[in-house]
Amino acid sequence: MNTVETKLRDRGFEIPAPAASLASFVPTLQVRDLVYISGQLPVKDGKLAVQGVVGVDLNVDDAKKGAELCLLNIIGQLKAHVGSLENVRCVRLGGFVQSESGFKEHASVVNGASDLLIYALGDRGKHVRAAVGCSSLPLGAAVEVEAIFQIIDAESPAERLREAS
Amino acid sequence: MNTVETKLRDRGFEIPAPAASLASFVPTLQVRDLVYISGQLPVKDGKLAVQGVVGVDLNVDDAKKGAELCLLNIIGQLKAHVGSLENVRCVRLGGFVQSESGFKEHASVVNGASDLLIYALGDRGKHVRAAVGCSSLPLGAAVEVEAIFQIIDAESPAERLREAS
Amino acid sequence: MNTVETKLRDRGFEIPAPAASLASFVPTLQVRDLVYISGQLPVKDGKLAVQGVVGVDLNVDDAKKGAELCLLNIIGQLKAHVGSLENVRCVRLGGFVQSESGFKEHASVVNGASDLLIYALGDRGKHVRAAVGCSSLPLGAAVEVEAIFQIIDAESPAERLREAS
């Protein structure tokens, strides 16, 4: 069965265990069928894996891998919250790229998160997005991504069938 | 009939055709009656028209015109999604201004978007807002604006009547 | 009765009168039971009280006090909108910290807002959050915080009871 998890595993991605928040907030919060997810950093095995100013300390390709890590951590939080990844669709990603004036390739960097999400969830991964440049990010991260997902219940089977076709 | 479109035309603004996204995401996404709109840049006729660091490469007035362009592109996306601009109200604008430490006039810049929206939609254009400074923006844009709108259906005619008075 | 207001007063915080917006937008807007609140600055008695680049012009502790002020202004807007603070819960905070490359303590700064909110509202204060660094902020503020709250109505008493235990 070609589930979200097997799709990710096919490309060598394991869904991480959800990390505790860095601070005084919660990683996920649900209002009706919407799940809000706190900003996630490119953390792997408990350590910040991708840091610095994109275009200065690391290149766009490495930053893109950082955005993938952020997305995997989002998926990890979402799975822990919802239980399954088969009945969710993404609403919005907010992508923040640590960068200096003159940097222009935010879209390419944040595509690391968007492309992986659409690969894993198909049409249910399509989302709106804002990508911007930040002078600094928590812990020195190169990228941060936050998200809103919608849980699709049994009342709307059409949403899920669309992806199967 | 003084519609949103004629109001904009009266001031010399044409609603642009909606542009495709720069990247792996969609320009608009609807959850129930809310329409989320991806971050829009000051693009005109397919080209980035207002770029650079506000306060260094361009002044506040020019940046404000950039915010107007972002808003027109938001309106263009919204019209393409909803079909009409007569039954929508704005919930929130997020405004991002490329700028350096010491820049303080974010409110004036993003007012380019807020003022035009309120001019075009009247009370239905009133929105909450966060305006912040960014070290860089996609393609080198001077301004980026994202939005959430609500579609007002026939069940809530009072919302529409209020503007008519 | 240990209400939100008395809790805040116990720590020496007075809920400020809601300030008018700096610009062409509204401070609060409600969609169904969600109340969106515009980005609030560390303003006290009508004056910007905490400004500059965190880590350069002021330290993390002073910036944290700035985040507390932003939160108090959010609470002030919320109280003016809803009338009471006893039937609300926080959904999301967005925290923006004016800072340069190399600054890493965003979480500590924005905790000024998050900790005070959780102190005042208990479990109803728990929220998701994104904290990022900005090259500049309106008026030169050191911190800006925006928020989404949910009004909990009589249909969901369990939410309120949980905090009492």
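Per-chain numbering from 1; labels A, B and C assigned in written order.
Going forward, a residue touches a chain if its C-beta (ideal position, glycine included) is under 8 Å from a C-beta of that chain, and two chains touch if they have at least 3 such contacts.
Nothing here was measured: the structure is a model prediction, and the numbers come from that model.
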Requested in this report: Could you report, rounded to a multiple of 5°, the rotation needed to superpose chain B's C-alpha atoms on chain C?
Outcome: 120
**Report entry** Chain copies touching (chain A, chain B) - same or different residues, decided at half shared
**Finding:** different
Report summary line: dist(centroid_CA(chain A), centroid_CA(chain B)) in Å evaluates to 25
Query raised in the report: At which residue positions does chain B touch at least two other chains?
Result: 100-101, 134-135
Report summary line: Interface with chain B, chain C side, in the complex: residues 21-29, 31, 36-39, 53, 94, 96, 98, 100, 134-140, 144, 146
Report summary line: Interface with chain C, chain B side, in the complex: residues 34, 91-93, 97, 99-108, 110-111, 114-115, 118, 126-135, 150
